[in-house]
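Each of the next two complexes has chain A plus one other chain: chain B in the first, chain C in the second.
Right after this comes the complex of A and B.
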């Protein structure tokens, strides 16, 4: 390990994977800057035509993209905060307590993941109708949170498992109650995992489509995922507008990921300390 | 005052009884060592004292006040863990400040910003800083106060763990094998360090170890445990010279006490064909099969037969430097050593380099005054 020759294949492999991952986004960007008349030309346009950048301003002027993005952000951020707050305590209990039914509870959390959203959306619609949660971003946050909490509970439980029990016992001897331990010892030690969980929750809220389409009917509360899909018409789909909004829709998510990723990586070294 | 009293304390995990009827008391300022092999319940007993485990029966008093129903934080004890259990996300200073912070903690300190402000106000209070600085000076940690546990060596982490225990100035210090993760040299110096701390800062220490050297050198009193039962409770000297049963005799000492099968009569013991006169007479009820216990250093070794000497063959010679350990298989007599998987031979220690070779015939002369007798059936000590 370490010599230039062994690094080379790895570098090539990484570049290839990067290309696969980045090319669709690049293509989306290029397409958004290609005038409609040239979209179906025999020789595709491989490079962005920056003189077309005005389309982005035009999209913001003619389509309520800003509102959609804001709604998506509210839903994604709300889902992130609510699901992490709700997941930490059950994760701690699953990790540290032995009680009757713990195996069933653990399995039940997994079982929720086996049910497709499309199947649940009808009963959920009926329930939300009775609770006056239809057409409300908060309702949408609740629905998304219900799907995210089981997943990140398991992720957070794994991180809590790796904290030596003695550290918590030391805190108990030092005068901490259980809740003090969770807030003052456990949470700071699992920050990297919480950041990873936040990424999962945020993207779930940001990308979610089925609930957003069904539970929200008001134009003003439409999220970007639904807004984007609304371009798809029966007769024609304005591909280059779709791509433009697509790029705008992708960027905040990427920014959030870069922000969270710093914590994920920074935490890895801090977490590797043994008690 | 912080005397500790266990009154008939027991502990069961499910059906398994891991601590049985422990009933001991130590005075304020003592250094109690709980000694025993792994799985004997010594750590469990310590954790029960700390409040990290519940007790199934009996009661625990500290300074004549019952504490077994109190949560760990209210027992005014500090605990030093084998793995140190430092808080990895806090600097050395904040690790040591943590117990002091918790003493004044309010729930709203968990809130962001305002809680952080309140916590730093306590952490920077002059008396708190003074206590931490003083403790750091005693433990030579002053240079490391701003470092994180992950950057410290094992010995330094151990001192931070001790410091975190000391700042609170607790009534009782509990230590669970605190030295077993250190290398041999560091262990010796930390052993002296802990003994010095005990003398300097006072307080009652309870120390768990499986290492008899630690127990003998550090403890003012030792409770030797096996299978959840205290085999003997006494000073190091009592346990060494006056073992209560064969288990204690074989646990303490390197090599441990020799146990030779013998027959007790009115005047002494018969080992093989040799009769050894004992200074004391034993009650007639004890006459018959016994085990004669003798420390390896209370046996004379020579090539010539003497009065009341036991013939045997050298089966092993080990030179340790200051002394030599020689294993001798007796002619016409057996030892009871196979019960703990040791070889059936009497161990003798001789000062310096002893020039004996394997296969040689030798004669052992026990110092009868240092011999002790145990019942062959129960292993319990027989007394005159």
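Right after this comes the complex of A and C.
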């Protein structure tokens, strides 16, 4: 940790990098607190006007933000639980067993990364129609999980790879079944990775737009992504109100991410560095 | 490797166990990915109206030949190629620079590492909204800045300009995805011996040399993997582009996925939409196969196997 490395150019470069990373979020916040009259002034208002903070209460009265956020939360939480439950056993199988079809499963998991949601949404719409899953948050959770499970399975497999086999052999000798081993030995050892997987799944559900836009038509079941997108190109809602909703939607994600960041990075590298 | 396999054999229980364990994901993927994909493939050989999907007529390869001859497939492919290549170059390049910058020890490094990943956590819809506002002709912050510095383009609406729309979309995309590259590369950098990294940070003269001989060989597999992922993700990116430009103006930002969505949901032509999807998927598959061939060849050349 030499202090001689703190050259001025490096400090400036780091500050510039952080400025670029943070500015659009900061700008969304500043815009939300700028009164309409000043938004269209010749020179921009660069700093937040904290006396305008009342708008953060006002939008809850004028726009159904609370409903949108709740729906997004339900979808994100449901996607998280379902994808983790689904991913653990296949991840264990990919890590520990050699069986016919393992290569196909591995390739299928990777191949899902190539499929655009915008393409599968048409057949999924038809399938969901037959299963009466349209206009249901549960249906949306099922659709999101299909895209999250492959990523999460891969990350969890990476973590299981790094557990020494000897740990499990001892339990095998004692007569534990595979399921017992996974539940009692493997899961406790990979909790940081499970936390990372949970964060990734939650984000996917919270941010997802295409399925929420297409598979849900009821106003009451709108998610925040679709609600916010409905303001694009629409002129009757003032820009500072739109940006306020944007901040309310973005901030929980960013704050949650900053808290969980350590786990996400650790979990992802466990998956990717092992290769 | 052999030791590991024999240990794994000793752990083996009932021969069906692996299949029972793999079943949940396999069934799920078949139901929600593979079966819809097969349906798309079939749709691509039919004429099907979005509003009357049950009266579809089989037309063979007509959708494909229409796209190639009459449609603007070559233009769409061109925009997609430029978009994807620029995403890879700038997102991975900037990610690498950011990772090298954040790898050296300095006061507040932990906070800086966390903050730099914020764009990746921001929802695409919110990002699209705030960037659209920032690119506004008269009141956008970009043009305020350009006018203040008396630079060109200070009065144009970036997203309405055939020349500036794609750069604007790229700027937004790269801003959103470079943190992912930087986090992954930063993790890979931890595999480089500490003394070398410190030396590289201190001694300006040898910095490039150390990077080439010690740092790059360690992180190269990770960077290659990132290139593949950023490529595949860029080929399928929808939200940002659709919300900011819907592929316009005059097709300047019309990537394959945007064209697919327009054919399906604006022109109600599910057959053509599916055909574009199949062409896009073929492109992604070809790139993936080339990628694995190249990485295998490099690994053999380096004598890793």
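Operating definition for what follows: the second predicted complex is superposed on the first by the 234 of 275 C-alpha atoms of A that agree within 3 Å, B and C clash if a C-alpha of one lies under 4 Å from a C-alpha of the other, contacts with A are read in each partner's own complex, and residues count from 1 in each chain.
The rule is short, and it goes like this: contacts are C-beta pairs under 8 Å (C-beta built on N, C-alpha and C of every residue); 3 or more make two chains touch, one makes a residue touch a chain.
From a predicted model like this one, the values you see are computed outputs, not experimental measurements.
Peer 1: Regarding the shared-chain residue A:8, is it in contact with chain B (first), chain C (second), both, or neither?
Peer 2: The answer is neither, since A:8 touches no partner chain.
Peer 1: Is A:172 in contact with chain B, with chain C, with both, or with neither (first, second, both, neither)?
Peer 2: In the superposition, A:172 touches chain B and chain C alike.
Peer 1: Figure out whether A:180 sits in contact with chain B (first) or chain C (second), or with both, or with neither.
Peer 2: first
Peer 1: Between chain B (first) and chain C (second), which does A:145 come into contact with in this model arrangement: first, second, both, or neither?
Peer 2: Touch status of A:145: second partner only.
Peer 1: If you stack the two complexes on chain A, which partner ends up touching A:242: first (chain B), second (chain C), both, or neither?
Peer 2: Second partner only, chain C.
Peer 1: Any idea whether chain B or chain C touches more of chain A?
Peer 2: C
Peer 1: Of the partners chain B and chain C, which touch A:188 in the superposed model: first, second, both, neither?
Peer 2: first
Peer 1: Taking the contacts chain A makes with chain B in one complex and with chain C in the other, which residues are shared?
Peer 2: 166, 169, 172, 177, 272-273, 275
Peer 1: Going by the contact rule at the top, pick out the chain A residues touching chain B in the complex.
Peer 2: 164, 166-167, 169-177, 180, 183-185, 188-189, 270-275
Peer 1: Quick one: which bits of chain A touch chain C in the complex? Just the residue numbers, please.
Peer 2: 1-2, 4-6, 10-11, 13-14, 17-18, 20-22, 24-25, 27-28, 31, 39-40, 43-44, 86-87, 89-90, 92-94, 96-99, 101-102, 105, 108-120, 122-124, 126-127, 142-143, 145-146, 149-150, 153, 165-166, 168-169, 172, 177-178, 203, 206-207, 209-210, 224-225, 228-229, 231-232, 239, 242-243, 246, 249-250, 253-254, 256-258, 261, 265, 268-269, 272-273, 275
Peer 1: Within their complex, state which residues of chain C touch chain A.
Peer 2: Counting only chain C, the residues touching chain A are 4-5, 7-8, 10-13, 17-26, 28-29, 32-37, 39-40, 43, 50, 53, 98, 101-102, 104-107, 112, 114-134, 138-139, 141, 144, 175, 179, 183-184, 186-188, 190-191, 198, 201-202, 221-222, 225, 229, 232-233, 235-236, 238-239, 243, 257, 260-261, 264, 270, 273-274, 277, 280-281, 284-285, 288.
Peer 1: Write out the stretch or stretches of chain B touching chain A in their complex.
Peer 2: 50-52, 71-74, 77-79, 81-89, 98-99, 102-103, 105, 110, 148-150, 164, 168
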